[in-house]
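Chains here go by letter, A, B, C and D, matching the order in which they are written, and residues are numbered from 1 within each.
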Amino acid sequence: MSAPKKVVLAYSGGLDTSIILKWLQTEYGCEVVTFTADLGQGEELDPARRKAELLGIKPENIYIEDVREEFVRDFVFPMFRANALYEGLYLLGTSIARPLISKRLVEIAAETGADAVAHGATGKGNDQVRFELSAYALNPHIKVIAPWREWDLTSRTRLLEFAEANQIPIAKDKRGEAPFSVDANLLHTSSEGKVLENPGDEAPDYVYQRTVHPEEAPDTPEMVEITFEKGDAVAINGEAMSPASILTKLNELGGKHGVGRLDLVENRFVGMKSRGVYETPGGTVLLEAHRGIEQITLDAGAGHLKDSIMPRYAELIYNGFWFSPEREMLQALIDKSQEHVSGTVRVKLYKGSARTVARWSDHSLYSEKHVTFEEDAGAYDQKDAEGFIRLNALRLKLIATRNERVKG
Amino acid sequence: MSAPKKVVLAYSGGLDTSIILKWLQTEYGCEVVTFTADLGQGEELDPARRKAELLGIKPENIYIEDVREEFVRDFVFPMFRANALYEGLYLLGTSIARPLISKRLVEIAAETGADAVAHGATGKGNDQVRFELSAYALNPHIKVIAPWREWDLTSRTRLLEFAEANQIPIAKDKRGEAPFSVDANLLHTSSEGKVLENPGDEAPDYVYQRTVHPEEAPDTPEMVEITFEKGDAVAINGEAMSPASILTKLNELGGKHGVGRLDLVENRFVGMKSRGVYETPGGTVLLEAHRGIEQITLDAGAGHLKDSIMPRYAELIYNGFWFSPEREMLQALIDKSQEHVSGTVRVKLYKGSARTVARWSDHSLYSEKHVTFEEDAGAYDQKDAEGFIRLNALRLKLIATRNERVKG
Amino acid sequence: MSAPKKVVLAYSGGLDTSIILKWLQTEYGCEVVTFTADLGQGEELDPARRKAELLGIKPENIYIEDVREEFVRDFVFPMFRANALYEGLYLLGTSIARPLISKRLVEIAAETGADAVAHGATGKGNDQVRFELSAYALNPHIKVIAPWREWDLTSRTRLLEFAEANQIPIAKDKRGEAPFSVDANLLHTSSEGKVLENPGDEAPDYVYQRTVHPEEAPDTPEMVEITFEKGDAVAINGEAMSPASILTKLNELGGKHGVGRLDLVENRFVGMKSRGVYETPGGTVLLEAHRGIEQITLDAGAGHLKDSIMPRYAELIYNGFWFSPEREMLQALIDKSQEHVSGTVRVKLYKGSARTVARWSDHSLYSEKHVTFEEDAGAYDQKDAEGFIRLNALRLKLIATRNERVKG
Amino acid sequence: MSAPKKVVLAYSGGLDTSIILKWLQTEYGCEVVTFTADLGQGEELDPARRKAELLGIKPENIYIEDVREEFVRDFVFPMFRANALYEGLYLLGTSIARPLISKRLVEIAAETGADAVAHGATGKGNDQVRFELSAYALNPHIKVIAPWREWDLTSRTRLLEFAEANQIPIAKDKRGEAPFSVDANLLHTSSEGKVLENPGDEAPDYVYQRTVHPEEAPDTPEMVEITFEKGDAVAINGEAMSPASILTKLNELGGKHGVGRLDLVENRFVGMKSRGVYETPGGTVLLEAHRGIEQITLDAGAGHLKDSIMPRYAELIYNGFWFSPEREMLQALIDKSQEHVSGTVRVKLYKGSARTVARWSDHSLYSEKHVTFEEDAGAYDQKDAEGFIRLNALRLKLIATRNERVKG
């Protein structure tokens, strides 16, 4: 790979990406464009601009954007249509944000004539894969620079030395090492590393940042009603809202009731297991509600097919293949299933749990007439079940007869 | 089908199966053998014996058995190795009990020279299918009698008239109609029908019978440690126990903390949707713990394969195909995966939720050495990630290049 | 089910459906509308019109239609995009025609105010299921009459007696029983029953009707070039043609070279095995060519996903679920994959086989630059493979290390 | 990676691996152990011994073994139980041989105290992955040396210079470059590269080495009867034979009739497409026969499940994951299905095609009684089909009713 001339860096404004910024300038002597996104991580973006300027980035090379609506509308919501869970439990909060960042990096590279993009993910994790697969899928000619895999700043000490040597301001609380590492966006907060590295040790309370401890959550349950149209949430308690507003509101409600905590050991794409603590308050409520509305509006055949491909879909997102033909094919299948997934679900929030308690819809497939224990006025002929069972049993009988004969 | 001469009836001792017993005698003039199983439903079996005798069943034709250990060891535990959930949420508590009952019905038919078996499931539900598919798979020559699909006792009034006309004692509380229908065994209690038939109405509190309301559960969380060997729970809090004892203990703990409630609209095999309320306290804790131990002991490839076939496995059990070659094939796959699923999980129970907070095992695949944020002494070479990503990206780049060319 | 007043009958003009026509009139006293479709079965339709008139059907109640283009365009081609094979071998020639017939039956019922449809499929086969599931899916209120399941004309003798008693003309060659049963359309000819009922006996030569015996096929191979656009064949040997014309032409070429014969024992949806002899000359060539063009235009991820869902897709069509949400969802996935499946394939036909020998496309993903054994000018860095392998191996190493430790 | 001290080399005796042998000695100064396996590639092994001696390998370090029986019994046959085809067409002839070679390399390393293994696969292909994943899975501490990824002998000229400089004898026909590259074993011969690199050019006739051209095959078809026990072939034309003898005999028969040729563009695991020409004469006959015997002995549920996991199984073998838990899990599932796959199949061989024409078995599930068009003496009640269809249709009717309502 020839040296990059102009690099678009995914820049948070924090110490690590500031060091990367400087390192790109010094190592490659290249022009740096910074991209800082508001994904709902809950931090102000102005300091990032000021810091980029301080590090010598030209104003026209500083991109700061609020992408929350795009994030929820085009990434989070499509994924939730699938009820996606990685390894049965993880709501993919970090995974789903990376493709959007890469998409903007590549677009800004095209706008600014940059030939490379750079990110601050390490060589051990999944995020490097997600950033880079997305970037290459969107621009096969782009160069990707992953400083953590290249440089020799392999200890905290050396990083700080480099920062000091390069006049990068170091916040006081960044001098010592953080007891764990955090990633956050509108969908979740994830924590991993350090104090969490032994999966046999319980996660300390202070790891949780976004949700109230269930024991400290209100003693009174709270109901929330979520309305869906074609698989996407469109209103809360009857009030229509934008995608990002809905997720923000559900985060507030879920967080208040201690909903959405997960302590997980998962399998990284790069081959090792890691332990993470996730807080996905709004997403957990949303998944529960989406399942609730599907229960009455989605046909069995459609639902079972969705269930059967879900693990593969979730794995693709986890592994970084959002911009792949197979993810798009699965999305086409999933979206097709959502045409009638419209209606309203009531979810009860209480001390860490979110449970569907009622759901209703004009698109409901539930037929009280058919299911009732009461007289059904001929809606269903119980005698039909006999033929149904007998033909379903036929092959089993033929097997049993064969086995008798062979053993006989 | 020629008339049966001797019938083995799945007999609970309750009003409905007593009416069936009498109806079989009067309708077919056949000898009746009763089979009453203790599956952990929480009812005494002695009354069933007395009632059978009262209805004229010969002592040698009354089979009353405690099958709890067989139920948990040979049915529940194998199923839990798969983390089986029907439609993402249902722990299959009723489904998994039916094959065992059919197995004993068919075995007792062979012992007693009976040519038929009979059950008390209606023509609208799944249980008829489960009973009958199992029976036919185990004895292709057996006759199956399903009185609810045959007789004309189609209203509560006519049933009671038949009972009175035949001197069948009717408990006072059975005169009126129950507000919902219940099935129970050691794994769960399910409730459906009547007051639950509108899925837009919340289930009344009195429907729940086996679990404390979360709001009334203890204010202090409780930890429980479950030890697994090859995928099956073998000890609780360090004390080795039999399968049924383990599930009994977990039911007690889970029930006390309001764990395992589910309000679900599901798709029946016979084609309609139905709404059920399930309480699976011990099973919910067990599933959580089993996932916890798999997190550290099961390889990614093995786990993802298991996840991908789980919906099909659960569907087979739900639909009544326990004794089918495809369920046995999937079981072989699942069991193969569990060889190292041994170790201990700590689960925190609190007001309706059960969450893994720690897990450890001699069989762990978790490698702190590889995952650590700290210096890893060469366990993992971050440079490897570059080649890994580049080759995973190659096909995506070739697609992007092709698309450029074609559009160009 | 109340008696039908007006029935649309799938009418071939043959003896069996003529008997059904008469039986509907006499049994139900209902008005009969006949629908006779040209699906490419190779029979003239005029006799069907005359015979219907003879049996007293009003001219406005006689529907005779050439649906070949619709058949290939909307049913055969979408199915071939999936490379669908039932049980690894069967090209679904009968299965794919039934939904179209049902669709027209239901549409004609709406046009003519009929309340029922009727078909001539027996109670043992798959076709009854396919006809009826399609009909119910398209009109949930329609009645379906399946005379073979209802009447008492259960022997050849009684059928002929009924025909004679009702002045239904019987062709001389229909007096005796046919040695096997045939179904044909533009996609295939299937033969089953009678002389074919023992799967241990070879099918007699005279069973084959549409393809030359391979031993009698030309001694010189013939090449054919098929051009695809977005997964569908659009031209043969450079000549653009309509869907039905393409299949007709491929049938001619394939048939001449003895291509597309299959002797199969398959599993019917109703639970038994049956033996069929299929001739699918054009379809066999088309499948081979479609695979050929996908080889260079379809990405690995897309192709493997398609392969993994194909058996399910084929099973759905075989079982009669063409008009089901899950088939439509899978179709959405498949169609999404075909956007770049455009190009040309050369297939060699010779004495029973059809093999791709060359393929080329503007949409090709094949990169000679990457794959070459020669110097590749940096297209591919062999060193990347090391990291790729090492990270793919990591989990396998961790397993091996664990196993050493546990056994140790 | 520290330098290896003693290396076990997969040694063919050919020029390339002889150069590797020498390069290992000179580059690493390490002791070399050679392993030469007779996998049925059709070459004598004695020259390999002599050449190894000539290159200075100690006699006790020369391992030459006939592994044909192990190859067929433990690798080929288990794979054929699955009817494994990669990308619908490829019989995996190369893929399935690599794990066996790696297994012996690792075992010989343990016996000889070697710390490394080496192979002659390039950095562009799949074989490097297969060799190395297998090696790492069997010994997580082993070093793997892949000279083609390391050295600078990147042109034919430099290779020959190295050979001459190191007194490695060069056969006259190796001076020029081969027009394509070949791999062979008892299952297949594969050819790729050079003249085959343009998939739009037909493969020249001289590429085919193991099968007669169909046009030159006998004008008279030949029948072969293959007997299976539990899924594995055990006899040909009534004569019991060992696994390798069976495959050898089928190769002879298939090859004589031009059976088993395949011209394929496939997707390599490393991300690119490649074009190969495969000849798998015996394997093609075996697959056809195995399918034939499964048709009558394997239940629909079992067969469809096998079909659905086959693509994943084939992909695992292709990608080199033979020694992975997920392949072993799938194998357990597959093997479970084969318990009754016993019986005999007659296959007709003629000018390039192999087709099942008859099959019979004591374990047959085929029931002429059930399927017959004739009177079936009550084996099957056609009325059962009505209930079967009506309940299968119920959900489709509910969908249609809902859609009417919503659109209404």
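Going forward, a residue touches a chain if its C-beta (ideal position, glycine included) is under 8 Å from a C-beta of that chain, and two chains touch if they have at least 3 such contacts.
By chain, with names taken from UniProt: A, B, C, D = Argininosuccinate synthase.
Treat the numbers as computed from the prediction; the structure is a model and nothing was measured.
At the interface between subunit A and subunit D, two copies of one sequence, more than half of the residue numbers in use appear on both sides, so the contact is built from largely the same positions.
For chain pairs B-D and A-B, the one joined by more C-beta pairs in contact is A-B. Between the CA-based centres of subunit B and subunit D the separation comes to 41 Å, rounded to the whole angstrom. Between subunit A and subunit B the centroid-to-centroid distance comes to 31 Å (mean Cα coordinates, whole Å). Touching two or more other chains at once are residues 267, 270-273, 299-301, 304, 312, 321, 324-325, 365, 367, 370, 380, 383-386, 388, 391-395, 398-399 of subunit C. Of all residues in subunit A, those touching subunit C in their complex are 267, 270-273, 299, 301-302, 304-306, 309, 312, 321, 324-326, 328-330, 332-337, 391-395, 398.
Chain contact summary for the complex, subunit C toward subunit D: residues 83, 87-89, 122-124, 128-129, 132-133, 136-140, 146, 148-149, 154-155, 181, 193-194, 197-203, 214-215, 219, 221, 261-268, 270-275, 291, 295-296, 299-300, 303-304, 307-308, 310-312, 315, 320-321, 323-325, 346, 350-353, 355-360, 365-368, 370-373, 375, 380, 382-386, 388-389, 392-393, 396-401, 404.
The touching residues of subunit B, counted against subunit C in their complex, run 299-301, 340, 362-365, 367, 370, 380-381, 383-388, 390-392, 394-395, 398-399, 402-403, 405-406.
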